[in-house]
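Read from first to last, the chains carry the letters A, B, C and D; within each, the first residue is number 1.
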Amino acid sequence: MMEILEGSHAVAEAVRLCRPQVVSAYPITPQTHIVEALASMVADCRLDAEYICVESEFSALSSCLGASAAGSRVYSATTSQGLALMFEVCFNVAGMRQPIVMTIANRALGAPLNIWNDQQDSISLRDAGWMQCYAEDNQEATDLHFITYRVAEDHNVLLPAMVCFDGYTLTHTYEPVDLPTQEEIDAFLPPFKPYNTLDAKKPMSLGMYATPDYYMEFRYEIDEAMKRAKQAFAHAGREFAGQFGRDYSGLVEGYRLEDADTAFVAMGSLCGTVKDAIDEMRADGMKVGLLKIRTFRPFPSAEIRKALSGVSRVAVLDKNVSLGQKGAVALEVKDAVYGSGIDVFDYIIALGGRDVRKSDIRTIAGLAEKGIGDQYYGLRMEVL
Amino acid sequence: MALNVGCAAAPGRARDNRTGSWRVFKPTFRHETCTKCGLCETVCPEGCVKEREDGYFDPDYDYCKGCGLCAEECPADDIEMAQEEK
Amino acid sequence: MAEHECELFECGHRACGGCGPALAARLILKGTGENTIVVASTGCMEVFSTPYPETAWGVPWIHSLFENAAAVASGVEASLKKQGRDEHVVCICGDGATFDIGMLCISGAFERGHDITYICYDNEAYMNTGIQRSGATPYDADTTTSPAGKCSTGNKRPKKDLPAILAAHGASYIATASIAYPNDVVKKIERAVNTPGPNYIQIHAPCATGWGFEGAETMAIGRLAVETGLWVNYEMVNGEVEKAKKIVNRKPVEEYLMVQKRFRHLFRPERNVEEIAKIQAIADRSAAKFGIDVVLKKPE
Amino acid sequence: MQAFVRFSDEKIRLRSQVYEPDYIIVQDSTLIRDVDVFGGMKTGGIAIVNTEKSLHAAVPEGVKLITIDATGIALEKLGVPITNTTLIGAFAAATGEISLSAVEKALLNRFPGKLGEKNVAAARHSYDLIRGEA
C-alpha cells in the first residue's frame, strides 16, 4: 500500500514486516525515530518482539549477538558515534557469522560534533565483515531490509548486513513508500533458521579462539562468504523484482551511461540529485551519466569495470574521506578500473551535511573534463 | 566445510589434548588409609579423578597435571607425590 | 547428575596445574546442571578451555568479547524468553571483565532485570595478560602494573565492593564463595540459577601463578583468606546480608600474606609493620561489618 | 530552523535544499528582520507570514504577501500556539496547489480523533479567512 511516511517510519514498518524476535537499540540522532517507532509497535502489540532497552550502542549490538546466537532474528539501528562505539562488536558479529541486520542512518563522525549527514560512519566499518548497501530513496531503504535479511540468513552467506540511508536527507523526509503486506513479506522472507546455535539439547561452543594455525583460514572463509553474497544479492533481488516489481538485483545501477564520456559514481541519496543534474546536462548536449553503487560490501568490482567500460573519465563523489589519502569509494573504483586507462577523479563532498545542488554536479563535471580532481569540493575558502 | 562456521565446535575435542604430559610429580593413590571420602575427586581442577567400582578413587594419568592438590588435601594422607620417571 | 560431573567441564583444558578458576568452572557446572547456556568473557578461563576446535565445555557456551558478557547474556535471555525456552543463562567472567571493563554492560543488564546469573571467578588481577592489577586486586598486592618498589608498597587501593554495587541495582540474590569450600560454591550456584532475576556470585579463586604459591596450595590459600577475614563468604537477599560464614578464632592476616609472593615485599627485607597493620584493619573492619567473629576461650 | 517541501505528480529525486521557492511560509515574523526569508523568490510567488499586526515587509517584486494571525487562530482552535496546521490551511487557500479536503484528510491521518478534528477546524478557519480576503 502506498503511504506517505517519514523515512525512519517507513524503515520501522519494513523491519516490523521482517518479524524480528529481538530488537535492541540505543537512541541517537538521526536514527532515533526508527527505534521509537519499533518500541511503540511492541508496546501496541503490532510487533511481537522482545525490545531490549539497552544502556549503550555497545550493549545494543552485543545483546543482538547473544539473541542471534540463541536462535532469534534480531534487529538494531544506529549511526555515527553509536556505530563507532560498536566497532569491536561489529567485527565480532561478522566473525561469529551472525546474520544481524542493522540500519545505519548515516551521519558524520566527530570531532567536531556534527549530527548531519555524510557516510564516514559506515564507510569506516567497511573492513568489519558486514555487507553494506546504500539506499537512494526511502522506497529503496525500505525494500533493502527485506532483501538483506534474506541474503544475511542464507546459509551460503551467514554475514551481518548494514542498510545505510542518509541521515535527515532520507530519515526525516516524508515521501511516498509502497509498503508490502505481511503475507507478501512472509512469502518472500522465510522464518530464521540459525546455523550454529546455543541449545542445551545440542551443546556447541561459539566464538572460540583460534591460534595462528586456524585464524587465517577463518578470515578467508568470511571473505569467501562475502564474495558468495554477490550472487545471493542478485538472486534475492531478482525474486523481489518478480514479486514486487522493484528491481534491486544489480549491485550497481547505471543511469544514462550509454555513450557517456563522464560518469559520476555515487552512493545513497546524492544519486537522486545527480540524476536530475544529468538530465539537465544531457538536455544541454553534455554526455554524462551516473553509476550508483548499491552494495559497497561486497564490492562489485567486475560490475563497475563493465559498467564504466565505455567512459573516458569518472568523477567519484565521496561523502567520506580517508584522511591523508582520498575518499574510500574513489580508491576502490580506481582499483576496479585499473589498467583500463579511464581517469578516476575524486571529489570529497557534502561532509557533515553540506548541501549539494544540481549546479554543483554540473561544476564537478566541468572540473573532471579539465582533469581537475582528487580534491575537496565546495570548501569555504573564506573561513580557512 | 572443513572449518566450522564462526569458529564453533561441538564438545569432546578437549580430550584430544592429553595434559598428562605436563606432569613432573606423579600422585600415587595408595588406597591404604583412604576413607573413600571423595575430596580428591572434588578438588581436582582437571576433573580427572574418578571413582572406581570398589569406591576407591584413581586419577586419569592421561590428564593429571601432577599439581598435587589432591595429595595436599587428602584428609587420610593416602596420596603420595613422587617425581615422575620418564 | 553424577555421570555428567566430568563431562560438563572436560579434561584436557590448558589451565596451569592447581588452577583455582578451573576448579571453579567444574563447581559452577555442578551447580547449574546441563540445562545451562554459559556466556564467557575473554580471559584466562576462556583461553585455557576453548582453543579451536578443542572445547572443554559440555554445555552450550559462547564467548564474544572481554567486556560484553552481560549484554550478550541479556540477548540470549531475551531470545529464550521469546522462544519459551527455560535454559539457565550464566555468565562466567574474571574479575577484570567484571570489576573493570564490563561494568557498563553489567550495570545495564542488572538494571533491566534480565533473568541471568552472573558469576565472577575472582583471582584478583588480570592473569591472562600477565598479572596486572584490576579493581579486584587487594590492597598492597604486587602486580606487574602495581609493582612494589622503593616508593611503592604495591596496589594502592582496596578491593572494590562489587556485591554492594550490584545489590544497589536491586539484585535479589548475591553471594560470595570460595573454591576452598566446594560444597558451599555448588549450593550457592544452585540457589542463584533458581532465583529469578539477575543474580551475582563472586568466587574467590586463588591463582598459583599470579599470586606466587605452589599449585598444591590452592585450597589452603583460599582457606587462609577466609580464616583471616580477608575474604568473607556471605549471602545477600534483596540487599540484606542474610548469612556470613563465621570464623572461630580468626587468624592474623600475616598467615595469609606471608605465603604468597605478591605480598613478599611486606616481609622483606624487613617486616613492614605499618602496612601489615593496615591490611589487618581491612580484615577487622570486614569481620565487624559481617559479624563473622566467634572467639572461643582458650582452656586455662 | 528551515524546512523544505517539494511536491509533484512525478517522482522527486532532487535532495538539495530549496533555493528558489515558489512559496514561503514564515512562522515567526520576527525572523524577517534578521534573515533574508524571501531570498530566491520570483514573480508570481506567494509569501505567507504569521503575524497579528499589519506588516510592511519588503518582498521581491511580483511576490504576493499574505499575512495571517495563525498564532491567534491556533490558540483559539487548538489551545496551543502551534501554527503549522493553521498555516497549511492558509497555504491551500492562497496557492490553490492543494485542496482543503486533502489537507483535512492528511490532518486526520496524522492526528487521529479529537486532536485531528481540532486541527481540521484550525486549518479550515484559516482557509476560509484567506479565501474570504482573496
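The rule we apply is simple: a contact is a pair of C-beta atoms (placed from the backbone, for glycine too) under 8 Å apart; a residue touches a chain by one contact, two chains touch by 3 or more.
The shown structure was predicted, so the numbers you read here are calculated from the model rather than taken from an experiment.
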- Is the number of contacting C-beta pairs greater for A-C or for A-D? A-C
- Distance-wise, how many Å sit between the C-alpha centres of chain B and chain D, to the nearest whole number? 83
- Task: Could you grab the centroid distance between chain A and chain C? Build each centroid from C-alpha atoms only and quote it in angstrom.
- Result: 44
- Distance from the CA centroid of chain A to that of chain D, rounded to the nearest Å? 36
- Note on the structure: For the pair chain C and chain D, the C-alpha centroid-to-centroid distance in angstrom is 66
- Two or more other chains in contact with one residue: find those residues in chain B. 4, 7, 9-11
- Which residues belonging to chain D are in contact with no fewer than two other chains? none
- Message: Which positions in chain A are in touch with at least two other chains?
- Response: 96, 203-210, 214
- Query: Viewed as a graph of touching chains, is the assembly arranged as a line, ring, star, complete set, or other?
  - Reply: other
- Which pairs of chains touch one another in this structure? A-B, A-C, A-D, B-C
- Task: Going by the contact rule at the top, pick out the chain A residues touching chain B in the complex.
- Result: 95-98, 158, 195-196, 203-210, 214, 217-218, 221
- Message: Can you tell me which positions in chain C touch chain B when the two form their complex?
- Response: 5-7, 9-20, 22-23, 26, 49-50, 52-58, 182, 214-220
- Task: Going by the contact rule at the top, pick out the chain D residues touching chain A in the complex.
- Result: 12-17, 19, 106
- Contact footprint of chain C on chain A as seen in their complex: 21-22, 24, 49-50, 52-56, 58-59, 62-72, 74, 88-89, 92, 96, 198-200, 202-211, 214
- In their shared complex, at which residues does chain C touch chain A? 34-37, 39, 46-47, 50-53, 55, 57-65, 67-68, 70-83, 87, 104-105, 107-109, 111-112
